[in-house]
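One chain, chain A, links the two complexes that follow: it is found with chain B in the first and with chain C in the second.
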Partner chain A sequence: MYQFNLSATKSYMEQLPWAVLTTLGLSALAILLSVLVGLVGSLFRTSRWWALRFLGGAYVEVLRNIPLLIVIYLVYFGLAQIGLRISGFSSAVIALTLNAGAYMTEVIRGGLAAIGKGQFEAARSQAMTPVQVYRYVVFPQVFRIIYAPFGNLCIGVVLGSALASIVGVEDVTSWMHTVGSNSFRYLEAFLMAGSIYLVMAQGVNLLRIGTGKYLLSHSTSATRQ
Partner chain B sequence: MQFDDDVTHYWRFFLSGTLTTLWISWLALMLGGILGTVVAHMRMSRIAALRIFALGYTEFFRSIPPLMLFFGSYYGISFALDVNLNPFTSATLALTFTASSLMAEVVRSGIESVGTGQWLAATASAMTRLQVFRYVVWPQALRVCLPPATGVYISTLKDSSVASVIGYIELTRSGLLIRETTGSSFDVFLIIATIYFVINYGLSLCGGALERRFRIVH
Partner chain C sequence: MKLVLNRRGLAAGAAALALGMFAGGAAFAQSAPSNIMAEVAKRGTIRIATIAGNPPYSSVSPSGEPQGYDVEIGKLIAAALKVKPEWVIVDTPGRITALQTHRADITLANFTNTIERSTVIAFTRPYLIVGSTFMVKKESPLQNVEQLNDPKYKVSGPRGGTFEPIAANTVPKATVLRFDTVQDALLALRSGQADANLGDSLQIAATIEASKGAMRALPGNWSYEEIAVGLPAGDADWFRIMDAWVRQFNGSGDNARLFKKIFGFEMPPLQ
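Right after this comes the complex of A and B.
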């Protein structure tokens, strides 16, 4: 009979904060970079030139249809074979960014698509600079539309970052695997690591719901349409 | 990029890996569809405890990385229950749970798309709750559910690549084995990536076609 014993994981507790930080850092870095990729990607997708539109569309479709694990392997093993040796952490960041960037492109594009051309023209005719147009007219409206899918995407990145453990990044999943294979306490380790992911994902989720509530209570009838 | 002769010699393994991937994802989608339908009905139940359980269920599997589920079902269950789960069973279990939480949301939105007026009309026609579902709600919900269900299949197919880490020989694992034999990583993973892309892109096109075909014009 299996004796459930959570204290068996005690001797591995020292490494846990570092593992959590690794997961958080990896995810944060990938989210930040993927926003940049998404901005560039959505510009490509809405460009006047068909070549750029095609490039943007191809990037989104390819990366959305290939498993993240394969992207990680391609970056980690593939680049090593053609002479570029990079660490597991860097390749995980690159792969996660490429993957999330494709989704981010679509999220941002969807947000921008909802803003009519007339608004740009109206704002410009008020002598707003392009920066002002984006700061005061475009961004507040786009944010309302994309905050929810953006939150989901952030959860996706945190969960996807678990795959980094396969290329040797010592994150929460890797910690679980170490505890499990050393002490054979897989179930306890699973529960520990699982609840950490649960807290992280639900934290983002609650933040997203909170943002929605805030936006709803602070919106005037004009912005609510 | 010059393709290594060696790699293409292994086309049989690529093929069998592809078929295995398609099969296990399909199996998980079907089992997940059944489980997801049950969870979706719990989510809309009149009993609060069932609703809370269903919400917890979908949120739990939405918040746990698939990789952890594979580890959990392969090692965790084996040690805890002292049973020997083979990689196939564990992978199917993990994929089924992930798929079921996605399918629960798909089924729920499908059922909610059927207007309340139809419920009232069916109940007024002296139909029992089961009859309302069987003859009024489910047939209409199905056409709303099918297009997003292809999305769940794509997502399950992608998740199934993670089954390679517990030693289940599907497409990704086949690729890793071929890589170990031939030593060429880039070619192998490029082929694997292309296969996944072709399958999933084809499926997403099918999903788009289904969506146009089944669109309900109001």
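Right after this comes the complex of A and C.
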């Protein structure tokens, strides 16, 4: 009969902080990079030029319709086969960024679509350059609109990072497998890893809410200038 | 009751869910059957845990059918018990969990009897003795295991098998890459992500044979492993039946014939 015993995982606690840091580092990098990809992608998607719109659209449709697992395999094993040896960690960052970037593109594009044409015209009439239009008028508003879906995306990236363990990244999922296979305490290992992901995902979400509050209060004064 | 969705409500819900998971786990653990043979006969099937992506021992064909040496053994066991085999595909560490949680009646998956594992599950006598060897690509500069013991070299193997302690003993300085399946670990060598692959000696012999000279083994054998049928601990009757089956499978020569058919070379002696 199975005896539930959490203390059996005690001897593996030493490796846990590193595993948590790996997962958090991986997620943070992928979130930051996917915001950049999303910004560029959304500008492509809403561009005046057909070729850029096509490129942006193709990127979103291709990456949204391929499982993240396969993207990771492609970057790690596929590129290595043609001589490009990318480490497991970097492969996971690239794959997560490509995947989340596609969703981010759509989220930001949705935000941009919600800004009325009149706003652009009004800003231009004030002799603002296109960069100024986006910096002071468009993006501060887009930011408010996408604030909630962006949070979902961040959580998605943290949870998606669990797949990095398949290419040998020593993250929380990898730690879970190690604890399970060495102590034979799988139920405990699964529950612990699950709880850790819950805390991490909520942590990232709280960070987003905090940053959002800070930025929103500042962007308000910026737009009022 | 009216469901109020506020922050406090959500937190309470999450806590209740977590508690439910723990309670569910405990209830599940207590439903262990006491007599596996009776359950198998009543069900009409024997649930056999095996791993995918581990040819020629066990793999899943494109049509979804399990195939390989261990799968053929499973079919023979089912036939001997006059029941049908029901396959439970697990990963390397899942071979033990499946037995612990009674999701499977036996595990047939290139499964080494170790003392550590024997403390939580049971094993029959072995039906195969294997070792561990390192495999490299033909053009690799590596000629022996001593050269491989260097941080600049990466060694791949499956997580949760006997690979990890063997790698730690033989090439402690090399960089170890751990994968979920044997196939991924092999893919790491083939794709160039790893410089060497540590694995089951017979499987590596079969892989080298199939590679037509693209792969070679580094000299030396680094383990003694008894491959056996895994069983849930605590059912002496089930052990008695399965162990007798393995004894007769070995003694009759059926095992050696099946091995040769699948691997393409003679089975090493059981000792």
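Here is the rule we use: the second predicted complex is superposed on the first by the 194 of 225 C-alpha atoms of A that agree within 3 Å, B and C clash if a C-alpha of one lies under 4 Å from a C-alpha of the other, contacts with A are read in each partner's own complex, and residues count from 1 in each chain.
Keep in mind that, in the parts below, contacts are C-beta pairs under 8 Å (C-beta built on N, C-alpha and C of every residue); 3 or more make two chains touch, one makes a residue touch a chain.
Remember, predicted model here, so these are calculated numbers, not experimental data.
Trainee: When the two structures are laid over each other on chain A, do chain B and chain C clash or fit?
Mentor: Aligned through their shared chain, the two binders clash on chain A.
Trainee: In the superposed arrangement, does chain B or chain C reach more residues of chain A?
Mentor: After superposition, B is the partner touching more of chain A.
Trainee: Thinking of the overlay built on chain A, is A:81 touched by chain B (first), by chain C (second), by both, or by neither?
Mentor: A:81: touches chain B and chain C.
Trainee: Figure out whether A:217 sits in contact with chain B (first) or chain C (second), or with both, or with neither.
Mentor: neither
Trainee: Is A:125 in contact with chain B, with chain C, with both, or with neither (first, second, both, neither)?
Mentor: It touches nothing on chain B or chain C.
Trainee: For A:168, is the partner it touches chain B (first), chain C (second), both, or none of the two (neither)?
Mentor: second
Trainee: Is A:159 touching the first partner chain B, the second partner chain C, both, or neither of them?
Mentor: Touch partner of A:159: chain B, not chain C.
Trainee: Which holds for A:65: it touches chain B only (first), chain C only (second), both, or neither?
Mentor: first
Trainee: So, does A:177 touch the first partner chain B, the second partner chain C, both, or neither?
Mentor: In the superposition, A:177 touches chain B and chain C alike.
Trainee: Is A:193 in contact with chain B, with chain C, with both, or with neither (first, second, both, neither)?
Mentor: first
Trainee: Looking at A:7, would you say it contacts chain B, chain C, both, or neither? Reply first, second, both or neither.
Mentor: neither
Trainee: Would you indicate which of the stretches 24-32, 60-68 or 78-86 belonging to chain B has clashing C-alpha atoms with chain C?
Mentor: Comparing the options 24-32, 60-68 or 78-86, the clashing one for chain B against chain C is 78-86.
Trainee: Once the two structures are fitted together, what part of chain A is touched by chain B and by chain C alike?
Mentor: Chain A residues touching both partners: 1-2, 4, 77-78, 80-81, 165-166, 177, 180, 184, 186-187, 194, 198.
Trainee: Flag every residue of chain C that touches chain A in the complex, lowest number first.
Mentor: 14, 18, 21-22, 25-26, 28-30, 32, 92-93, 96-97, 100-101, 116-117, 119-120, 156, 159-161, 177-180, 184, 187-188, 190-193
Trainee: Quick check on the complex: what are the chain A residues that touch chain C?
Mentor: 1-4, 76-78, 80-81, 83, 85, 88, 165-168, 174, 177-178, 180-182, 184, 186-187, 191, 194-195, 198
Trainee: Using the touch definition from the top, list the residues of chain B that touch chain A in their complex.
Mentor: 59-60, 62-68, 71-72, 75-76, 78-82, 154, 157-162, 164-165, 172, 175-176, 179, 184-186, 189-190, 192-193, 196-197, 200-201, 204
Trainee: Considering the complex alone, what residue numbers of chain A touch chain B?
Mentor: Residues 1-2, 4, 61-62, 64-71, 73-74, 77-78, 80-82, 155, 158-163, 165-166, 173, 176-177, 180, 184-187, 190, 193-194, 197-198, 200-202, 205 of chain A touch chain B in their complex.
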